[in-house]
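Going in written order, the chains are labelled A, B, C and D, and every chain counts its residues from 1.
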Amino acid sequence: MRIGVLTGGGDCPGLNAVIRAAVRKGVGVYGHEFVGFRDGWRGPLEGETMPLDIQAVRGILPRGGTILGSSRTNPMKIEGGVEKIKDNLAAMGVDALIAIGGEDTLGVAKQLFDRGVSVVGVPKTIDNDLNATDYTFGFDTAVNIAMEAIDRLHTTAESHHRALICEVMGRHAGWIALHAGMAAGANVILIPEKPFDIDRVCAYVESRFKTRYAPIIVVAEGAHPIEGQMTLQDGELDAFGHVKLGGIGEMLAKEIEKRTGKEARTTVLGHIQRGGTPTAFDRVLATRFGLRAIDAVHDGEFGAMVALRGTDIVTVGLDEATKELKTVPVSRYAEAEVFFG
Amino acid sequence: MRIGVLTGGGDCPGLNAVIRAAVRKGVGVYGHEFVGFRDGWRGPLEGETMPLDIQAVRGILPRGGTILGSSRTNPMKIEGGVEKIKDNLAAMGVDALIAIGGEDTLGVAKQLFDRGVSVVGVPKTIDNDLNATDYTFGFDTAVNIAMEAIDRLHTTAESHHRALICEVMGRHAGWIALHAGMAAGANVILIPEKPFDIDRVCAYVESRFKTRYAPIIVVAEGAHPIEGQMTLQDGELDAFGHVKLGGIGEMLAKEIEKRTGKEARTTVLGHIQRGGTPTAFDRVLATRFGLRAIDAVHDGEFGAMVALRGTDIVTVGLDEATKELKTVPVSRYAEAEVFFG
Amino acid sequence: MRIGVLTGGGDCPGLNAVIRAAVRKGVGVYGHEFVGFRDGWRGPLEGETMPLDIQAVRGILPRGGTILGSSRTNPMKIEGGVEKIKDNLAAMGVDALIAIGGEDTLGVAKQLFDRGVSVVGVPKTIDNDLNATDYTFGFDTAVNIAMEAIDRLHTTAESHHRALICEVMGRHAGWIALHAGMAAGANVILIPEKPFDIDRVCAYVESRFKTRYAPIIVVAEGAHPIEGQMTLQDGELDAFGHVKLGGIGEMLAKEIEKRTGKEARTTVLGHIQRGGTPTAFDRVLATRFGLRAIDAVHDGEFGAMVALRGTDIVTVGLDEATKELKTVPVSRYAEAEVFFG
Amino acid sequence: MRIGVLTGGGDCPGLNAVIRAAVRKGVGVYGHEFVGFRDGWRGPLEGETMPLDIQAVRGILPRGGTILGSSRTNPMKIEGGVEKIKDNLAAMGVDALIAIGGEDTLGVAKQLFDRGVSVVGVPKTIDNDLNATDYTFGFDTAVNIAMEAIDRLHTTAESHHRALICEVMGRHAGWIALHAGMAAGANVILIPEKPFDIDRVCAYVESRFKTRYAPIIVVAEGAHPIEGQMTLQDGELDAFGHVKLGGIGEMLAKEIEKRTGKEARTTVLGHIQRGGTPTAFDRVLATRFGLRAIDAVHDGEFGAMVALRGTDIVTVGLDEATKELKTVPVSRYAEAEVFFG
């Protein structure tokens, strides 16, 4: 068989480990052949490929990013895009496709599968917000990077008298904020799932200043105050009337300073959360995903997506990927609240 | 309620996170009181305690080791030991006990529970060899430390022409070797569950030298060759005729040099695998274990042990802890074998 | 002797190592006694102290921040401040003072010395901009943190097609930007010492996009464009007509997007650069500074400041600390320019 | 010009940074051409080369090891070796050579220079034992790796009651032991320069057990007891009657157990100290060495070796490299002794 591989969406530590595992087993055990598509769906759409043999995957296991490149190109938004991909795959003699990506990438994979293309999906979301799998690779790395940064902030909080705010990734789900905040002993954690009460946040800040050193607040980029509470300027709202992404940390600092009279400083971790070498957890999970994906291809299990359940790698339908967002349940947030203040 | 806490057995990153979480919720949410027992079962046996309040658990979340100290004292091996503990707990007004430890510690906990003591267990094994839980804290940290060390060995292997052997923890189960080896791209992984064929190991070594740079072999301390294959000296065997613990790495190096004519060097990671600050995974898991343990105490769920199943923290019977060793199944080892050679 | 110790200004990894070394040698070798002043000059000003004995300095070597707390309180800006300190020191029987801090803190130390107080200074500046010493502690830690962050950005730059900007500390001197940028392979480094030509920066960005993956630009917070080149809004300028601190990264991203049509993203590292455990270099340097400072006190070498020259710890006059800013010389910047583009 | 580059001796983080810097400036600024020789002196001896252009040095800055490979091949121990190298260089049109290595490698470089070959040397010794330069690259990385390992041992020492011994590199000079031990708060540091008194070591061990938690002893592999003190077995001595290299840690553990009755455990760090990504200090130093080396070649400054003096990169004669070993002076060891016990 001749198998195409592509990676779509934002980059994520572990992508290379998936590619390597699929190629190593595909070539070494099954005797298949691979072709790499460049930059997500742009590759099959424009027929842009790169060699993907044992040599190409040497040494990539510990490397972040993706040797295939990535993009947010969405063939479903392009006139005749899906057909063009089908034609290109046929023309290049590609028998099957492994698509590694998030909701968007896997949504396209599902469409292609419905139109007869042999596709297997590998879920990727650094935010851990995919309902079909217990965890995805990249999340553990992001949480550790954020935790280490917050660990560092503690020493500044201890020595000075300033509230410190750390804004982490998480537009729709607060998993990174929850885990990094719990792991690093945050005094307040704010997540998109639960609009926060700024009065309560300020009460935590003030009580913390009294009992110990300055508080550390971890806030997901998608967190927002309860309706009507913080008077926002026009420029601070997006089209939906929500706080603009990326700005919540700064806004919170201003509001805390205004309300409590204490200095507050924000650190926005940004891209460093998704870069660099993956943790052991992510390298093992990504490797196992890659192995299971090539097994699925070999066994003709198309339309499937690999997933983690407990300690097992299983397959589920590709439609599972896009069905429902996995958000932080109330019970998990309640665990973290024990440590607030 | 007045609740005693103790930590037994070898140390493990995350112990302090368990203690902190139990105390923070126990005091802050339930209004209980705590007493710390020193050095595992030696504490209640000899009535040696330390204060364990909110102040005592401040700042310990990121710290490895255990503020309570630990030991391998086993009251069951001491005449009247269990009775003495019962008496001491009664005399000190301790209503319930949280015992954090491995098979031995939890075995004693089970005995005490059977004799009427209110105990809740928290499983601890850096080797991840406890069947009742998907993972225990400390394992992820150990795997990451080992992985980073093996990552470093790659550059030496690349620049020189020597087989490099890395001996990691794992007397009865090869989980650390398996995960660290997969994560760091080991060329051979040897685990206690599967006696290795030295001829095959040497064949991997030789083929690797031909195709790429020098091989890296990860070996669990409890791994051993198939019967009769390596001629061992008397001093190299323990009472059971097995290779002495701690020596397999060195022995392997000698055997590989003898058989292949290539130089081989061994690194024994030892205690550094169980020290230092825990990873985010371990801090979150340990915190959740601590929270669930104090809930179990509060709810009178004695004789229970907390455990991870998928992403949920559940409770199982204390006897689960000692029932069966969780070893690496053939299917998991087969995943790693794809990358051998 | 009874010796007071204080730490002033922004926090810096290694402060605790200085304190520990001075106390360990002062008590253990010389038999002196110590008193800790809280929060920089606020301590002696308001007579706020804490115990500072062997017990107090246990375990602080690897910890960032300062157990003494810090502040920017400047007694010279307070009516009668210096006299009040003199009186308080006399009243408390403090024979000598070790002042650990930057230009401001050491400037006050010099004033006090001129008025008869027995002071020894230890230089602290995370920016490495003190002319009297080859390096100060904290700088190496900050550079490593920044380097690791930039290392991580490379994988995102490699996988996507966006210019990535990393803003690091350095208001008046570009040492952190220079070292972190050289260490992490930045494609452009912008420092306060050399106003940048935005046309040239954009030319580098465009050529880099053509030859390899997306560029990484490291910019010191105090960097600024050559006069008149970027049209700044009123709100973006400070009282001196300079780009406001903290904003140069964002401004650069906007300008690059506007001029090149390429996406650009900024990461501002902020406080995490000065927090957390110090590197070995900083721990050793800080320890040696502390040892030398207590020797100076013991030997009555007052008005002196410790400094690193080559591999030696020497003493220089306290006035050296404030004499001249150590900026990046043209020759050092030229080294980095070899790798631009 | 056509310039050859080789790396000899044990590997060392930063080698690739030297190579990259020389090539980047040599090609980009001076327009020279490069050829890589494989495996140290074996390359020019056997005429084995690899391409060394801008493409070849891409992405190698953060990578440990050396892309050129290394060996301990010594042409001076081979009949006609030096002549053969001269002939090969001439035949390949190599105008000048950059030799990166330790005492042995640079000794050969000196010989070649004396016989008319245009050579520039770059000093490399992970042990930091070269007198001609303040520091060499690789040392800072090794010290940080050892420090982190010792940091981890502290938590085990704190929780259990065992003396922990950490054996680090350093056959003839104790720099790594000294710096890592000071940085990580070792309770005793043993170095080759000063034969240790086992009675005193045991006294430290016993007093430490009384005052705090278990002691941590850092020992350089080349350290040894004072004459006649520890009764050594024949197998434990080398040809010179010294303790065999690599064995001092284990021997010390046995001796401490025998004399104090306390358990003792040894960790031998081994190869992981010289692998993996370099620290910022080493990357910057190595880069500057590479830049200065190509300047020296370009300027015809042959027979020179680059060196660090304070913060400056200078050149000294190649013979400086082999003149004298830089050992730890008594004054530096005395600094560390303040913290013993």
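Methods note: a residue touches a chain if its C-beta (ideal position, glycine included) is under 8 Å from a C-beta of that chain, and two chains touch if they have at least 3 such contacts.
Chain identities (UniProt): A, B, C, D = Pyrophosphate--fructose 6-phosphate 1-phosphotransferase.
As the structure is a computational prediction, the values presented were derived from the model and not from experiment.
Looking at subunit B and subunit D, not one chain touches each of them. Ranked by how far their CA centres sit from the centre of subunit A, the chains are topped by D. One inter-chain figure worth recording: subunit C and subunit D are separated by 30 Å, centre to centre, where each centre is the mean of the chain's CA atoms. For the pair subunit A and subunit D, the distance between mean C-alpha positions equals 41 Å.
Taking each chain's centre as the average of its CA atoms, subunit A and subunit C sit 34 Å apart. Under the contact definition stated at the top, the residues of subunit D that touch 2 or more other chains are 151.
Residues 7, 10-11, 13, 15, 63-66, 69-71, 145, 148-149, 151-156, 158-161, 164, 265-272, 274-276 of subunit D are the ones that touch subunit B when the two sit in their complex.
By the touch criterion stated above, subunit D contacts subunit C in their complex at residues 21, 24-25, 28-29, 58, 61-62, 134-135, 140, 143-144, 147, 151, 179-180, 182-185, 212, 277, 279-281, 283-284, 287-288, 291, 309-311, 335, 338-339.
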